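Got a structure here, written out as structure tokens. Questions coming.
By letter and in written order, the chains are A, B, C, D and E; residue numbering begins at 1 in each of them.
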């Protein structure tokens, strides 16, 4: 079966970023774990500079696996991943599905990590760290240890750590799943703002149809067992997107289309 | 400030369970971590047999702390917790915010755990285990180890483990946060079905307004810093609730009321 | 025939020709003849058979020299030396050929390789009497390689053992300095037992001491092959040449049979020798004055001269 | 689960709360009183065993006699203790450096590990007594020789535990470091070493006692000429002179030193981990 | 990050892929070839040191001579090896039982731990040489005495590491067990022991070598009567007789035995953990 390309009703063909140079292309990737767990089958995906791509799909369909492939943390069983740009270290950052904080370091030290690995002293980036922590609402927790935080707070530290360096490419695996809706909305807006400010590329895993529509210009819908892409939707709505977009009829239409695609994915069995 | 009691527009006063005998009451609980982190302040809550109570509130407002207090895993700094019933072991089960699986045991062995602690052999409860795993869609993963599962799959194992014994009281801390919406809806329905079948009491932490309204008869809205109850809403809609309820106008009204309460909670600062 | 009393004799080293007399008495039935069934518990570098005797787990123990008996007197331990089978301390110092012209010269060498027991006994005397330096001493781990490697060293040894090994493997004959000749006039290879054993079963002590003396006479002057077989059974590495060398040296230096033993028989002790050694040690400050030395030895069993006749008849053959 | 009368239950639950408070209080007191009681009891038992069995002082001296020896010979014993302590701490220090250094080296590549770990094992199992002569043929400084001997005895637990710790770093964090393009050195410094800390400290606690043993053994095989006589020498001397109370006094000092080293290392370990590691943090309940 | 010409980049990336494959292949071969090479090299170096320095065979025999001794004296040495091995394995077995048993006891309550852990430390640091006579006074069987001596040397790492492991169980799982009303025994059996397994196995790897040392030391202090002569006796005897090649042959056997024990324990450890523990699972990449 091949991926079909649906376009939501209001697709007006607006390309929000000027230079959409290719960054990375995955071609016909298979990933098999162990002997017979086919996590991904024949996945192809082109990522261009400035894209905001959401991966959407049922639990266990290979979203995290795809993200790890892109981050070069695992290698495909077959198929090829082509980087079209120089991967300078520091250009990439990730938010894993688990917070993955260093338990021995305070919140601020955890957020400092990407800078530290670039050789920057904590004092020289104290402003950036404070700003990132304020973004996620943890300005009062600089000196707390991870074990003293709630689940959602840990995840927010992880988000702050990913954003603090203003990276060119951000990979996020369900970053907002543990957060309440209001914080989530706020962080959605903040993320889009950051994106338009620094022009980064985002690959975003989410379970929320609403979130994926609000944030992305492309939504990749995947099905499970074996994990594969079954729909790719384009949300051709201009950035920046404001809160009003959430109540617009275009938004609702896109959501409905995406929901249908997701339902498709759930019902797909080979 | 005192907790106000809002009632959603369509409260028709239906009491879905006959015998609403009190199980537990928290009275004026304070919980301070370390020197000065006030996780809970003056929290009071009565839980009656058959209740489905949702705790809703911003990240870090003390929902997990409240759940741990109820489970008798931590003790209040002041205030009192009164059990009005005999706490026989095995009557209670929990789903923590993290999956908390035993990494050395297979999925089926993890689900076996609560039975095992009751002294039941694996063979004698194989049917229950299989049923629970089927409920969460993991019928093909009996022999997998936790590390081979995706984030959502781990969480589903944890859910299966909590439900497999059909306990009288279930405490769940954002059990469905890592799941896609369709699976989530399905599990919502399954949970309600189980509840009506065995008549258990559920205390449920969630970030989703929709989920809380769909599932609960009482929604406790909490605010952060310090963590406290600021609203208690009643969703006086009869159980069992079907999928149609999700599209009913009552549902929307309840959601709106809950959203408003949540917004209140976000804006609350002492 | 009849009923035999089981006793155990703890030696201070693995089985070797220096224990020949005891093995001889077992092999030819001398102990059995007076009613003892003797088991020998071999010692080793870190085996503490004396503690076993103090605790009553074994009956007799082979003492090195008299210094430790003096310690027992000081500590009030009811232990007695009942025989001394070596009239002379067979302990020597070895040095590379020509490196020292006298015993006293040895103290000018770089290192002295002395075992822990040696350090606690004769080295104390060497320091007090000759001015040897404690800091030059390094422990002897019963491996002569460090000595062979370092020309400016001396090491301890038994006249009957180390010179043989060093000559064979090291390729040179070391100079030998007998402590006994330098003034260390103690008896050696003593038999120690607890006072209670003497009180409760003097016949056992008598049998063991006399049997041992006869054993030694037979071992040195008769046919030692049966005893040697027992030694080699207990210590499979003991070579025939080594045994032959040891017996030869024991005879050559009169280790077993000289001095007091010539008149009173093998194993004999005299108060003069013991008191004389004690006084010398007091003089140089190795032991303290005023110990009740008479309480730690008994010549009651050792000086009966039983071995004299055996020796005479063997010599006349 | 039976639904009980709500009112009747109240007193019982208050009792529970009071019980918990009482238990907490007891625990606080007990944590100091009990060990002291056990020590007192064991000393009393020791005394009784000696008295009941009429054990002579040259087999097992009673605690009184040992204490007397300790007091009377304090000057000698204390000097020896200092010597032993010096070697112990020196050996522990190089065991830490050597153990952690080797562990770091071994975790740099499976090749290095497979190639050189066997030699570490060989060092561990080689009887010091047998190779001490070889060491002293080639090492001139006596102190250096002693430290090498004691080090051989003590380094392995640190090496083994630290290696294990370095390999136990959380894989998500490893991945994170990879994504951020961390150098090998950075990964070691900021990820693996902190992850290995609890394991290292566990090894350190074992090595503390071993370096004390190592110091004693080294003295046995090497003597301490030049740097004074340590406790091993005192034990040997007292044993040879049948001065058993003094021997036990020296043994007692070794035991106390061992406990003290262990307690100190445990305390250091606790301070280093209490903020974050499962085994050390005090959970608030 | 500079945007490069997409076409020009392709070959370079394929190269990268090939490079990775090559590295994987190399690694597979290297993991066996390199250790063998290192062994060969070190034996060659040993030989050269002996030849270059004209070391006489009674100081350090060359590998050839040691091999010769090994072959010629194989019958004697092999018998001794069996004796030593018997004590080693016996001691390891009781070290496991004793170490884990004590660890379990100590984690039952802080009181017990505070009260009795010091005695474990005292046992660890007491020189076996000094207390061996006491042991042999009260223990009649020589084999039992030997085992006790070797056990004293070996048990502590297991105790210490297992204690640490039992205390490191995930606190969420602890809480879960509490909620489910697990008994103390169930918590131990189903939660703490599995959690402690990696730590225990780490301690076991240390104790493996130590029990070999313990067996050697025990033989030194206990003499040889009764159950045949082990390798310690061979070393001593050969050293005394200046049969240094044989001494090294015996040392070599001890070293090989140590490496073999370590490798076996590592393998067991790997098999027990490879399904789930960070330090052992092979990540799929």
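Definition applied: contacts are C-beta pairs under 8 Å (C-beta built on N, C-alpha and C of every residue); 3 or more make two chains touch, one makes a residue touch a chain.
These are the chains along with the protein names UniProt gives them: A, B = Bicarbonate transport ATP-binding protein CmpC; D, E = Putative aliphatic sulfonates transport permease protein SsuC.
Since this is a predicted model, take the numbers as computed values, not measurements.
Distances between chain centres, each the mean of the C-alpha atoms, put C farthest from subunit A.
The busiest chain interface, judged by C-beta pairs in contact, is D-E. Comparing the centres of all chains, each the average of its CA atoms, the largest separation from subunit B belongs to C. Each chain gets one centre point, the mean of its Cα atoms, and the points for subunit A and subunit B are 28 Å apart.
Each chain gets one centre point, the mean of its Cα atoms, and the points for subunit A and subunit D are 49 Å apart. Inter-chain spacing, taken between the CA centroids of subunit B and subunit C, is 86 Å. Within subunit C, the positions touching two or more other chains are listed as 48, 51, 55, 141, 143, 145, 149. Residue positions of subunit E touching 2 or more other chains, listed in rising order: 59, 129, 134, 137, 170, 220, 239, 247, 277. Under the contact definition stated at the top, the residues of subunit B that touch 2 or more other chains are 33-34, 73, 88, 98. Residue ranges of subunit A in contact with subunit B, taken from their complex: 33-34, 37, 56-60, 63-64, 97-98, 137, 148-153, 156, 173-174, 177-184, 207-209, 259, 262-263, 266.
Interface of subunit D with subunit C (complex): residues 56-59, 129-130, 132-134, 136-137, 220-223, 225-226, 236-237, 239-244. Listed in rising order, the residues of subunit D touching subunit E in the complex are 27, 30-32, 34-35, 37-39, 42, 59-60, 110-111, 114-116, 118-119, 121-122, 124-127, 129-131, 134, 137, 156-157, 160-161, 164, 167-171, 198-199, 202, 205-206, 209-210, 212-213, 216-217, 220, 232, 235, 239, 247, 251, 254-255, 257-259, 262, 277-279, 283. Within the complex, the subunit C residues that touch subunit D are 48, 50-51, 54-55, 68, 71-72, 74-75, 77, 116-117, 119-121, 134-139, 141, 143, 145-146, 149-150.
Looking at the complex, you find that subunit C touches subunit E at residues 14, 41-49, 51-52, 55, 57, 141-145, 148-149, 161, 165-166, 168-170, 235-237, 242.
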